[in-house]
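Each structure below is given as structure tokens.
One chain, subunit A, appears in both complexes that follow, with subunit B as partner in the first and subunit C in the second.
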Partner chain A sequence: MISVQRRSGSSLGWNITCYSAAMICAFLTSAALLTFSGGDPVKAFSALLTGAFGSQNALYGSLAKATPLLLVGLGTVIAFRAKIWNIGQEGQVFAGAMAAYWMSLWVAPLPYWLAWLLIAIAGLVGGGVLGLLAGYLKVRFGTSEVISTVMLNYIVIYILAYLLDGGPWMESGLTVAYHQSSPVNPLLEWPILLGQGSGKMHIGFILALAAAAFCAVLLERTSLGYEIRAFGSNPTALRFRGTNIRRLLLVVMLLSGALAGLAGAGELFGTSHRLRAETLLGIGSSGIVVAMVGGLRPSGVMLAALFFGALKSGAIYMRLKSGTPAGLVSAMEGLVLLFFLCAAVATKLQLVRVEEKVHA
Partner chain B sequence: MLELLQGPLLISILAGMVRIATPLLFSAMGELVTQRAGIWNISVEGTMLLGAVVAYVVASTTGSPWLALLAAVLACALISLIMSFVTIVLKAEQFVAGLALNLLASGLTLFWFQTYVIGREPPKFAGFDQVDVPLLSDIPFLGPILFSQRLLTYFAFLLPVAVWFFLYRTKYGLEIRCVGENPKALDVKGLSVGWRQCLAIMFGSLMSGFGGAFLMLGYSDRFVPDLIAGRGWLVVVAIIAGNWMPFRVVGAIFIFALLEAVAIHAQVVGVSIPHHFFLILPYVASLVLLAGLRSRTHQPEALGVPYSRE
Partner chain C sequence: MVRPVVVEELLKVRNLTKRFGAVAANDGVSLDVRKGEVHCLFGENGAGKSTLSACLYGYYRADSGEIVFKGKTAELNSPADALRLGIGMVHQHFVLVSNFTVLENIIVGSSDVGVFLNKSEARRKVVALCQECGIDIDLDREIWQLSVGEQQWVEILKALYFGAELLILDEPTAVLTPQQSDQLFRIISGMRSRGLSIILISHKLREVMQSDRVTILRKGKVVATVETAGSTAESITALMVGHKVTKHVRDRSVMPAGEFLSLRNVCAKGDWSEDVLKDVSFDIAKHEVLGLAGVAGNGQKELFEVLMGVRAASSGGFSLDGEAIVAPTSREMLDRGVGFVPDDRFLEGLIPEFGTAENLVLGWQRAPEYRRGPFLDRRKLGLLARKKIEEFRVVTASADLPVERLSGGNAQRVILAREFLHARGLLLANQPTRGLDVAASEFVCEKILEKRAAGFAVLLASEELDDLMRLCDRIAVIFKGRIMGIVRPEETSLLDLGMMMAGDAKEPERTVQ
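Let's look at the complex of A and B:
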């Protein structure tokens, strides 16, 4: 007889088996979905791969798409490791982009490096303040951050809609609203490091890598990181230790929001160059998936961000080549997350052969 | 603002409020039972979306809104098995499971929308018709507000009473509440905690199916991917602000519904304030409500805690 038991330690081989199985299940389900809707999975997935890795430029495109996901994912890791469920990344990305755009309207006369720095800081502050607001509501009124962050998402998205549709940031010289701002001052665009055409990788990628290193050090090597991890696993013990829980909560929400805000600023000044809701939509939720699939570790998040960045980048080519809608990637995100959630439980279990006792 | 308070307009706003409250009532009463059973299920938004999609597909292919409703409810009941499996069998973090379901629902919807809806002639589909209750709908003022609604609305308004009766006056309701407060007590008596939670999740999910289907068939005239627009989250807010008590939850829902009705009418009447600010109102109100109504005395003790014997 075979029974399922709790595993005492963790085994690398078994972990890899579980997560690979989850990935295969997610791909098989997506393939089934495609077949069911009249598509050709082989054609679609090979186009997806070509679009993601087929050429040097495609590779840069994937890295560019991975950049905001990595930043948002890292912000999510900081919050989720403390079991503080910040799911307001979507709004924080928007707030970061909006703050950076606002800043760009003022800083053009300044030296380039200073203007650039101020814009990046505005992005951090914009996202951070929105995160902090949810943190404050939690500390002051006990409002669940799950709810407040989601509500703030809707509020920020509507505010941006107002600003771009009849509000002060509407594209100038137009009578009909295109729901977008005028292009940002070309002098303030973030420098492109590699690639050309559709595959441009801007300097935000370096910032995101630096942020990953920062998060790894923060979580593993600092007392704040220790408190974050301890708050996630045993908040009562931390309270008895005399840690200021309120301060911890606010700091975590600030950092988490700030990283998402930087992602928004980078998308605006590195990629789209116009403030527009559609270019920012979905980065927040993809970033959450990236964080969870990356096992809430900075190194894992880097891998996951590359993976989902490649999917997003390849999806554009896939749509052109095989007519498969890019929404497939959104569905895949949900599937991968769900199967990974199951796999995470499976890694803690093992199958044991139990000898049946014969009762005489 | 004053023009909003004239007679016919006021009637129109209040009738709109009743209609907007309908899907919220369905979802909230379902979710209330789920949460009273100790399951912190935040997938209301995604489940409502799924219900709306299924309702749209079936209504536009068969032409029958009732068949569409049935299909939506069944689909949502089925999808609840995923939530049950992940939270009860695997005992994974309930918040994360709900989040995954929400993301899955919106991802699948986007894929379906881009494959079948976008860029095509929108199919004709019949929604629910208005049902005037004889005599009652002729009452001045109250008649058009309360008694010229869709049939499902009348059911939605009876639902809180039914859920209250179930939770507080029946043996099964007591068991459900016990699962949420002290599952061990039930387990010790030899009654299954898991099955009751599974049924509570399923009930919540199928009620969200009603909610999503009504939103599609009784409220909206076309499908858009953000049809639900946070209503599933407002339902969760209403339950917390209503301190997990059926009639207080209903009270919170009416606040949200009234604000949305005002927003729609402000747009029609042409108030000089940008209409985006009216659209924000329910979400701002939700934060104010949660900050103001902080009593959590009826929050189930074991809410969100996976039950295991060890």
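Let's look at the complex of A and C:
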């Protein structure tokens, strides 16, 4: 008889086994889902792979898709490690993009490096302020951040809709609203580092990698990181031991929102070059998934972001090539998350062979 | 106590071993528990008592060895398995549903209740149980209305309702007032006379001496099992630590001098804005230990919180070293050199997921001495941890093992190490020896006296009146948030203290300065 038991320590081999099993399960269920919805899984998956890694440009495209996911994922890690449930990444991405766009309307006369810097800072500030607002509501009125961040998502998304649909940011020279802004000043677009045509990787990817390193060092090596982790484990003791936990909560929400905001700015100035809701929607929620799959560790989040970036970028090609419905890709994302969460639980368990004996 | 007539082994443990990494928490433990006996497990912090009980009620699985219950080898893979066989455990942190009634909590999860709770049948059974064990409780009150002691009874009733024949109690009195402890022991003897067996873990000798037999553990191994009737507290302690424990007494040649902490008419409100502190005034001088005696829940906790800056005084105030402290924060108090040992160690004193090293600097994580530029100096923390682990004899596999995995007493040592290291001038200690073994308690007493000799002012709250009598220069007694009087130990008897703790005020002229 085999029985399942709690494990008293962790083992690398077992962890790898669990997560590999999770990958395989996610893959098989996705294949089943594809077949069930009338597709050909072999064709679909090969299209997916080609779209993600098939050529140099495809690869760069995957990296570009990974960029905002990584940034949002990192922001999520900062908040979730403190057990502060910021789930307003969607709105924070929007706010970052909107603030950056607003900034771009003013900075064109400046030297281009200064303009870029100001735009990036505006993105950070936009997302950060929105995060801070939710933090303030919690500190001041005790509002649950889960509720306030979701509500703020709606508010920000509708404000953007207003601005683009007959509001001041509507694309100029049109009488019909396309729910988008005019293209940003080409001089202000973020530099493309690699690739051309459909697969371009902008400087935001480097920023995101730097942010990952920053977050890893912040969490594991600095006093602030110590406080963030301690807050997640036992805020009462932290308060008794001289830390102003209200201020800490605000700082965490600010940082978390700022990273999401930078993701929004990068997406706007690096990829889409036009402020438009559709291009930003879903980055926030996928970023949360990336953070969870990455085990709330910056290194893990980096791997997860690359994986989901490839998935997203491959999915576009898959849809074109095999006509797979777009919804299926979200479903696959969800499946990966589900199986990874199961795997995370499984890593804490072990299988033990139990011999049944009868006492003489 | 009447000895059980028939000697019959209910539980036999043979060569049980349980390892955590390199640490053998239980190393070839063998133990017999007879039917109808109170069997005490006694041993140093980290000796493996909690681990042994966790193996017995199915929380951990032993690496090797055999557990025989009622003549059959027991395969325990979960607490549910254990309960099915008749082994129940009363947790120190209760797992009750707080807005269910007592009755509902007792019967929830039992198989004979069915989908629809058959409460009248269940009630009959529970009432009968209560009568047999002498438990007096209103079955229709909700859990949140009960005291900690009463909640413990509910846990006991629940185990009995499920048919437990062996009940394991791990340091059950650590959270109880003396009165509640006495009641608990009455219930224990009630259960014993019903033929139930009880495994009791305790560090308090007077509780240990109420058992039938004692098994002494040291470093995971059984040292001996002795009949309590043929032993003395001293002989049992000697078996546990391997030598005699000398009790330290304060050095009377060192006289308190120079007022350091001084409280004037401090009032404070509790969590439900009830008055918890009423006009508390006292002074503590340098080189002085002021004891705070009182039954738990009479405002001690809140008094410490006010002095630590985490609870605001509603009126009155205090001064430290001649400086009035206005609207303090915990940061300010730490920076002024106040050391604080809270009574709820895991809630208020430790970050459970952090290791010993990180917990040693909790509150000082931004101090320049532990930083290199913006970074925490890991190497320094490691060195510090190694030094303190040795000095305070913390039993842990490594400096980074999360303290939630340490035994209760060892976790307490981590806090003590931190506070004794960082305090300068004032030490606030609320139940610092709670959960510590005899030798470790004495170690703490010795450290407190060292601080006194070094010129510290110490406020020491303890339920161990004997300790207060030998350590303190003066003892303040608190009752319902009011200081009933301040007395000198050499002019007071334990009986007097007990009276004052029960609310019998001293004549004002007996309050000494």
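As a convention for this text, the second predicted complex is superposed on the first by the 358 of 360 C-alpha atoms of A that agree within 3 Å, B and C clash if a C-alpha of one lies under 4 Å from a C-alpha of the other, contacts with A are read in each partner's own complex, and residues count from 1 in each chain.
Quick note on the criterion: a contact is a pair of C-beta atoms (placed from the backbone, for glycine too) under 8 Å apart; a residue touches a chain by one contact, two chains touch by 3 or more.
Just so it is clear, the model here is predicted, and its values are computed rather than measured.
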| item | value |
| --- | --- |
| Fit-or-clash call for subunit B and subunit C when the two complexes are aligned on subunit A | clash |
| Superposed model, subunit A: greater residue contact from subunit B or subunit C | B |
| Partner chain in contact with A:Ile159 - subunit B first, subunit C second, else both or neither | first |
| Contacts of A:Thr222 with subunit B and subunit C, given as first, second, both or neither | second |
| Which superposed partner A:Met292 touches (first subunit B, second subunit C, both, neither) | first |
| Touching partner for A:Val150 - first (subunit B), second (subunit C), both, neither | first |
| Partner chain(s) touched by A:Pro168 [first = subunit B, second = subunit C, both, neither] | neither |
| Partner chain(s) touched by A:Ala326 [first = subunit B, second = subunit C, both, neither] | first |
| Residue range of subunit C overlapping subunit B upon superposition on chain A, of 93-101, 165-173, 417-425 or 453-461 | 93-101 |
| Residues of subunit A at both interfaces, subunit B in one complex, subunit C in the other | none |
| Residues on subunit A engaged by subunit C in the complex (per definition of touch) | 3, 5-6, 8-9, 217, 221-223, 226-227, 229-230, 232-234, 236-244, 352, 354, 356-359 |
| Residues of subunit A touching subunit B in the complex | 33, 37, 39, 85, 87, 137, 140-144, 146-148, 150-152, 154-155, 158-159, 161-162, 165-167, 285, 288-289, 292, 325-335, 337-338, 341-342, 344-345 |
| In the complex, subunit C residues that touch subunit A | 19-21, 60-61, 68, 71-73, 75, 77, 308, 310, 329-331, 333-335, 340, 342, 346-354, 358, 362-363, 365-366, 371, 374-376, 378 |
| Subunit A-facing residues of subunit B, complex | 42, 82, 86, 90-92, 95-97, 99-101, 103-108, 110-116, 118, 229-230, 233, 236-237, 240, 274, 276-277, 279-280, 283-284, 286-287, 290-291, 294, 296 |
